[in-house]
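Each of the two complexes below includes chain A, the first together with chain B, the second together with chain C.
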Partner chain A sequence: MGGVIPIPKAFLDITGDVCPLTFVKTKLRLEELAPGDVLEVRLQGPEPLQNVPRSAKEEGHRVLAVKHEGACYHLFIQKGEQS
Partner chain B sequence: MFTEDQVERYARNILLPGVGGAGQERLARSRVLVIGAGGLGSPAAYYLAAAGVGTIGIVDDDAVEISNLQRQILHATRDIGRPKAVSAGEKLKSLNPDCDVVTHHLRLTADNIAGITAAYQVIVDGTDNFPSRRLINEVCVRQGKPLVHGGVLQFVGQALTILPGRGPCLACIFPEPPGSLPTCAQAGILGAVAGVIGAIQANEALKLLLGLGELLVGRLLSFDALRMRFAEVAVSRDPDCPVCGKPG
Partner chain C sequence: MTTAYHELEKGGFIKQKQKDRYCMRLRTIGGNLSVEQLAGIIELAGKYGQGQVHLTTRQGMEIPGVAFQDYRDISRELKKLDLLPGTCGPRVRAVLACAGPDTCGHALTGVRPLVESLDARFFAREAPNKVKIGVSGCPNSCSKPQENDIGLVGAVEPQFESGRCAGCGLCVEVCPTGALVLAGGRPRIDRERCLNEGDCIAGCPTDAWRAGRVGYHLYLGGKVGRFPAPGRKVASFLTAGEIPEIVEQVLAVYSARARGSERIGDVMARLGSAWDAALKDSEGGGNEWAV
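Now for the complex of A and B:
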């Protein structure tokens, strides 16, 4: 990770959701974007922090950065080519 | 776009590789006809409704009898005497109000079948007799419509998916009615066997609608509950098949 993060095309807040809806909503939002676009996801707690980036990678996306902000994390996911 | 409730309802579908939101929307626009609201049609239709298939047609001209309840899981004791199509429709709608259920309380005949099947993308055959299966197979071949066949008896069952022109039709494999009809003593069926085969039919219909996986085309899947084994028999098109063979 590191380097310049492209400006996110979309923002999603999943701080109020639990597994599996955390990734369901992330997946649905990514589907609406074009390959290469970046989605910023705001999340809270160890479960989504562990699972959402892992699931995103498994589905062919790139996790560009995870930023800590107060009690939350901001995840920057770049949509992959074939998903 | 999905509502919050729909995102939650279909979360486990949307998570699946190859389904996602696009696949779920495809299911919502899909139309499946389930013929027979009995032992096979009950589980098949129930899973299709649960999955979010947008329109499900149910054909059945029978009324619910107490002897049906051992395997026909869409019906309840209070439904005895009511039309099966109506009873089934209520359960599907209650399971998933997103699903548009069309009830056809009638017997399919050579005169009315084409008009009914024409309105659907995939046909699930849950009937239990050779003349009905032959009629359904013929109309599906004529209309080029995918057909998911299922059959059960005693402790065994079988399933096959028919893609007209791309694999064998039912008449390629079973050109003639079975030599002898089951006697009353042979007509037992373990309800859960119908559940297995009906669920397989639902799986095939969903794969067809989603364009996923390998279908049971050209391979007849059989299930033996006593030995708890599945077996597969390769079956091929009969070029002289009276139903799907090339004319001349």
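Now for the complex of A and C:
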């Protein structure tokens, strides 16, 4: 982190979703991308913030950066090689 | 016949209110059964019972409606399937456990090896009253260890590596107790408030939060029943290897100090600080009991 974040290939807004759809949607969107591609995910509230980054890491992706934007967070997730 | 009588004494064959009908109680290790065992239970419930099973609150299974004279036959068949008899009465009961790390991403500890070792050493041991042991792999406490006389809760101590931190603040946001605050672009931790659930470690994008000590918090004296009360935390970060010996000491102090049929929590409430002192004496002061 701290370096330049690659331009996201895709954007996903899950601010209107609740568990378990928050990660399911993230996972499905990541599946459409190629390894190394970056997905920007906009989320809100403690539950997705707790589950989406940890689940992404568990499934072999990298969370490159996290940015605040008002009440929302933007995660920049890079799709892993094996995923 | 001697074996059968010995098993009967442990109380896993429970008299029903119907005349000459008994309930065959089985225990599991943390709620796990193979499909072969399940198929065997189905068959035996039809053959000896009334075509039904009952799921117990402690992850066991009961076959109701068994005739007293069938006890030896059904026991022999259950043994062939490696099914384990349950117990009742003033004894150490089946150890309750969460799903653990085989399937759950939250589990911090192994769970099952500890459950197996506790079951092997303590199951059905006689005590002044029932002793329930519960194990959970993380502070989410899905198996409710704090409701047990002896509760073990998986825990991790977060360690911070400042050089890896990007100052994103995600850990501060996900911390369930507000133990983390951002100060000068870096998180600062209040160890007193830390729940040791590891959300900061799991979520950190740069692995600046890492696992330090991993082990079990020990809770004693929990119960539900007519007068529910949660257990009290008495030790932190115990390893799975040292826990059986500690449980041994707890049971020894409990047996020595209980009046009548008091549960562990009743003895603790009556003795107050003398309970903690007795535990310390029992293990020679080698462990840190106070949290």
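The working rule: the second predicted complex is superposed on the first by the 83 of 83 C-alpha atoms of A that agree within 3 Å, B and C clash if a C-alpha of one lies under 4 Å from a C-alpha of the other, contacts with A are read in each partner's own complex, and residues count from 1 in each chain.
Here is the rule we use: a residue touches a chain if its C-beta (ideal position, glycine included) is under 8 Å from a C-beta of that chain, and two chains touch if they have at least 3 such contacts.
Fair warning: this is a prediction, and the values are worked out from it, not measured in the lab.
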| item | value |
| --- | --- |
| Simultaneous placement of chain C and chain B on chain A, clash or fit | clash |
| Which superposed partner A:Pro46 touches (first chain B, second chain C, both, neither) | second |
| Touched partner set for A:Leu21, first chain B, second chain C, both or neither | first |
| Partner contacting more residues of chain A (chain B vs chain C) | C |
| Partner chain(s) touched by A:Glu31 [first = chain B, second = chain C, both, neither] | first |
| Touching partner for A:His68 - first (chain B), second (chain C), both, neither | second |
| Which superposed partner A:Arg54 touches (first chain B, second chain C, both, neither) | second |
| Candidates 22-30, 94-102, 166-174 or 220-228 of chain B: the single one with C-alpha clashes against chain C | 220-228 |
| Overlapping contact positions on chain A, where the chain C interface meets the chain B interface | none |
| In the complex, chain C residues that touch chain A | 105, 166, 168-170, 173-174, 199, 202-206 |
| Residues of chain B defined as touching chain A within the complex | 2, 7-8, 11-12, 14-15, 17, 20-22 |
| Chain B contact footprint on chain A (complex, rising order) | 20-21, 23-25, 27-28, 31, 59 |
| Touch list for chain A against partner chain C, complex | 1-2, 46, 49-50, 53-55, 57-58, 62-68, 73 |
